[in-house]
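The structure appears right after this line, and notes come after that.
Chain lettering (A, B, C and D) follows the sequence in which the chains are written, and residue indices restart at 1 in each chain.
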Amino acid sequence: MTELEGFIYPRTPTGAASVVPGPPWHYSGEMLTVEYRTDPANVAELLPPQLGLAPDDPGAVALIWAEWQSCSDDFSELLDPVRSQYKEVFLVVRCTYEGQVYSRAAYIWVDKDFALARGLFQGYPKKMGDIWMTRPVTIGKAGPRLAVGGRFGATVSTWGRRIADARFTITGTSETAGFVNSHPMVHTRQMPSIESNGEDSLDELVTMRGYDADLGPIYSGDAELDIFDTPTEELHRLEPIEVIGGYYRQVGNSVAGGTTLWAGANPRAGKSQTNERAD
Amino acid sequence: MTELEGFIYPRTPTGAASVVPGPPWHYSGEMLTVEYRTDPANVAELLPPQLGLAPDDPGAVALIWAEWQSCSDDFSELLDPVRSQYKEVFLVVRCTYEGQVYSRAAYIWVDKDFALARGLFQGYPKKMGDIWMTRPVTIGKAGPRLAVGGRFGATVSTWGRRIADARFTITGTSETAGFVNSHPMVHTRQMPSIESNGEDSLDELVTMRGYDADLGPIYSGDAELDIFDTPTEELHRLEPIEVIGGYYRQVGNSVAGGTTLWAGANPRAGKSQTNERAD
Amino acid sequence: MTELEGFIYPRTPTGAASVVPGPPWHYSGEMLTVEYRTDPANVAELLPPQLGLAPDDPGAVALIWAEWQSCSDDFSELLDPVRSQYKEVFLVVRCTYEGQVYSRAAYIWVDKDFALARGLFQGYPKKMGDIWMTRPVTIGKAGPRLAVGGRFGATVSTWGRRIADARFTITGTSETAGFVNSHPMVHTRQMPSIESNGEDSLDELVTMRGYDADLGPIYSGDAELDIFDTPTEELHRLEPIEVIGGYYRQVGNSVAGGTTLWAGANPRAGKSQTNERAD
Amino acid sequence: MTELEGFIYPRTPTGAASVVPGPPWHYSGEMLTVEYRTDPANVAELLPPQLGLAPDDPGAVALIWAEWQSCSDDFSELLDPVRSQYKEVFLVVRCTYEGQVYSRAAYIWVDKDFALARGLFQGYPKKMGDIWMTRPVTIGKAGPRLAVGGRFGATVSTWGRRIADARFTITGTSETAGFVNSHPMVHTRQMPSIESNGEDSLDELVTMRGYDADLGPIYSGDAELDIFDTPTEELHRLEPIEVIGGYYRQVGNSVAGGTTLWAGANPRAGKSQTNERAD
């Protein structure tokens, strides 16, 4: 049989049917960040056993909206923009692993399947959502300017329920776009055994960093955030005590691969069908 | 009873439930225009009896993609961007009415109901579609620059079928963004009688012009266009013989009202229920 | 020029591009009705000047969910089911016109454009929404049976916000499926003048009745209803004081035309361009 | 730290935010199956190295549409039907593993994220698509009866392009609903290493079988199938030579777990960060 093509899934004769082509991937987009503090216990309860709280300001988290155009290394998706454009929202916390501080997306929603699959590969626990953010404009009245006073709204809904709404008003520029999402990411990649017996076939901690970052100026300002209690989310458990600030920035970068920090063994590896098959 | 509020529909106690607030409306967006020539007979067959072909180049038409942020005069939708952002594609022809040349959107698709209703008010025969266009970027690799060589794709689908795909490559700048969509619009507003007897309760020709136009530089270039034969559209009847060119421009403008060029009488006006009610 | 084909819009060379074919239209579907009482003032404030409250139980209203398969008279849409299937939710009140009691859909949401346009023709003030209702099943565990104890949920969201949620539990069968939606409908068809000057070019009261009704057995039971206060709806103003009951029924019928009860004249009819055109 | 809850992802404080609750899962739905023959080489090229062609009729495949209501073991999703209802289309082939014949979904599309994630757990390579199938009705004119002559359409689109359309007409009943999808499934669960170096962290062959099957009568008949050549799919490579037949059936079943037939070791297991971290 022929060698199958493809990176994530499915692996197929030509690779054309793959949910998303393999890396490297390139991104150009806009990010709207709202940093706030919650009770550190709300961050602690999210972390798997190997991870600890950040030593400083452990309750500082960020809810980040992003609108992206993305593509694989042949750039072909750019001309079929339905396969290139997507939006996402992610709740980022900080944590430590073996003494190093990392950022971590505890919750994340996207609106395209290629983004969801690319995320699962990187350990982002992506679900689908309905996401919108105001775009800045340079022309006409129907949009904020990237200047003092420019006002933005950002929303995310799942299953027809608003889960978060934010408003951001530019008050100036800044040297940094916040501190919460400033570290390499540490994510979990897990897949339960098909036996559904409490074991995981895949259990890893991974870290990834982008490259070729191309960063626009940073606009900072005041932010307001509402997080709603909905039955299918737990975002509202990270109840805001105090908003730290908001940031808007245009961002470009590329992603190729990462590093496995820790991996558990697949309990089923090396066992043959004869031993394992349950009738 | 209280006076009902609202402009188009429904008219309600507070107006909050209106499908879209009333005018004026403000728009900031991007337009990608592909001008081409088709057989003038394909334009003629689209026109209602009161309209004639343009005297010059009657077969010149334009397929235009636009991505908008829009709002009413209180600008509130900008902070709830799901109610502000939409995309549209429209096929524009030229025609004449009483000796004057007008532009006319013969076919048009949008992806939000507020845009559809606002369009019906203005005589745009809006249907829903799935519309995407490449965005220019200034940051990163995942998008064209607004410069020579910048490449764009634009697509529209209805009922899960692609109806048109375009590709555009910037070759320079231009003084004009084409000529087909350069005239005031002339549109038809019709509503058949509820009796479904061949008469129209509403039958008008209307014209509208925007105001406070704020126009960005015009990028011109080469364009390719594919229009597909699908059972629920007639766009493919305007088969391209020759592409004239492509244009990209950022646009801002406002719309308040227009002028009725011609209106037929409602055959039912002035008749009471006793005379008209069929059992 | 050729005669244009089509019923609502657009009118085109072949009619294939019409947003929906003309009547008659045929429907087969399921309806879940929750009848409840609100303060009659909440109904009164919805009614246009020509309509009065129902003489008995004027505060009785119904929120109705429906899941339809529909088609035109050539039945072709049934084989392209994306153009046949849709869901809707409508808030029905009762009212009187010239001494006769009618039902009236004050608010209504659908999820397909052909349903929206067909509704506008009939005077239903349709907006788009995200609508779901539990289906009864005869096989397997994942659904209620049409029998005592069968439990249903029904939801509607707009702009990513839940506007209403209902739960219904069958307690028996019934001779009637409620009384609120039991009269011919009276609806308003209005279109403001393009001049946006407060006048309406189209202003009618119309009534419609289906024919060839094919009705399944009626299952009645207990219902719970939550209506949420959202900024883009006014449904919550019809605050439930008391739920009357719930009903589930499979329904088939056809719709061809109706009767104009009253029509105002188009102020612009008969005026020529020269008189009316504002520069 | 607290023990995290959840089965697939994410694992969270309460489990409420999980993309889908863990098994068992219950399903009630309808399946429309079109069986056809393609060149066996088109099946062979799809299979990973461990799998071989079926010994008999190796080119027989099935394209299956299904519309489901599904839920977890607390049945709560049934009352929030947006989280219960979904549609899917899957292309099934037969194959052999260690002498046993299995069915295998080579391609599959769904329209909800909970179905996608549940599928990935079971090794179904699920992508999102736009899927529609005619529903049978017992009331009214707008739908086929489950009887001779009943006609159904079924479609699937991705990225706004139709990838397959089928038509099915009932000619009678049958003892079987085809033979292609009649075996336990064998699926592949793979996840490439985060290092993107050609290795897989997860590489398994798994098999699953449902239980508590509740099956309705089988309607068989004539089928037509069109598969379109699109750039993001490879379904068209399984070009139909001959349609075998079509089947419609209502189906209920439950799914709890399966068996790992083969599992490769995670190359990263047991290696620490110090050895593996690339800067």
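The rule we apply is simple: a residue touches a chain if its C-beta (ideal position, glycine included) is under 8 Å from a C-beta of that chain, and two chains touch if they have at least 3 such contacts.
Treat the numbers as computed from the prediction; the structure is a model and nothing was measured.
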- line: In contact with chain B as well as chain D, sorted by label, we have A, C
Message: With touch defined as above, tell me whether chain C and chain D contact each other through largely the same residue numbers, more than half shared, or through different ones.
response: same
Contact-pair overlap exceeding half with A-D, pair selected from A-C, B-C or B-D: B-C
- line: Higher number of C-beta pairs in contact (A-B or B-C) found for B-C
- line: Farthest chain from chain D by C-alpha centroid distance is chain B
- prompt: Roughly how far is chain A from chain C, going centre to centre by Cα mean, in whole Å?
  reply: 41
Field: Whole-Å gap separating chain A and chain B, where each centre is the average of the chain's CA atoms
entry: 36
- prompt: Where the centres are mean C-alpha positions, what is the separation of chain B from chain C, in Å?
  reply: 27
Field: Residues of chain A engaged with two or more neighbouring chains
entry: 80, 82, 130, 155, 160
Statement: chain C residues touching chain A in their complex are 130, 155-157, 160-162
Query: Which of the residues in chain A come into contact with chain B in the complex?
result: 26-29, 68-71, 75, 78-82, 84-85, 130, 132-135, 137-144, 151-155, 167, 212, 214-216, 250-254
- prompt: Hey, which residues of chain A end up touching chain D in the complex?
  reply: 1-2, 4, 7-14, 16-17, 19, 22-23, 44-49, 80, 82-83, 98, 106-107, 112-113, 116, 120-123, 125, 127-128, 159-160, 188-197, 201-202, 204, 206-208, 231-235, 237, 256-266, 268-273, 276-278
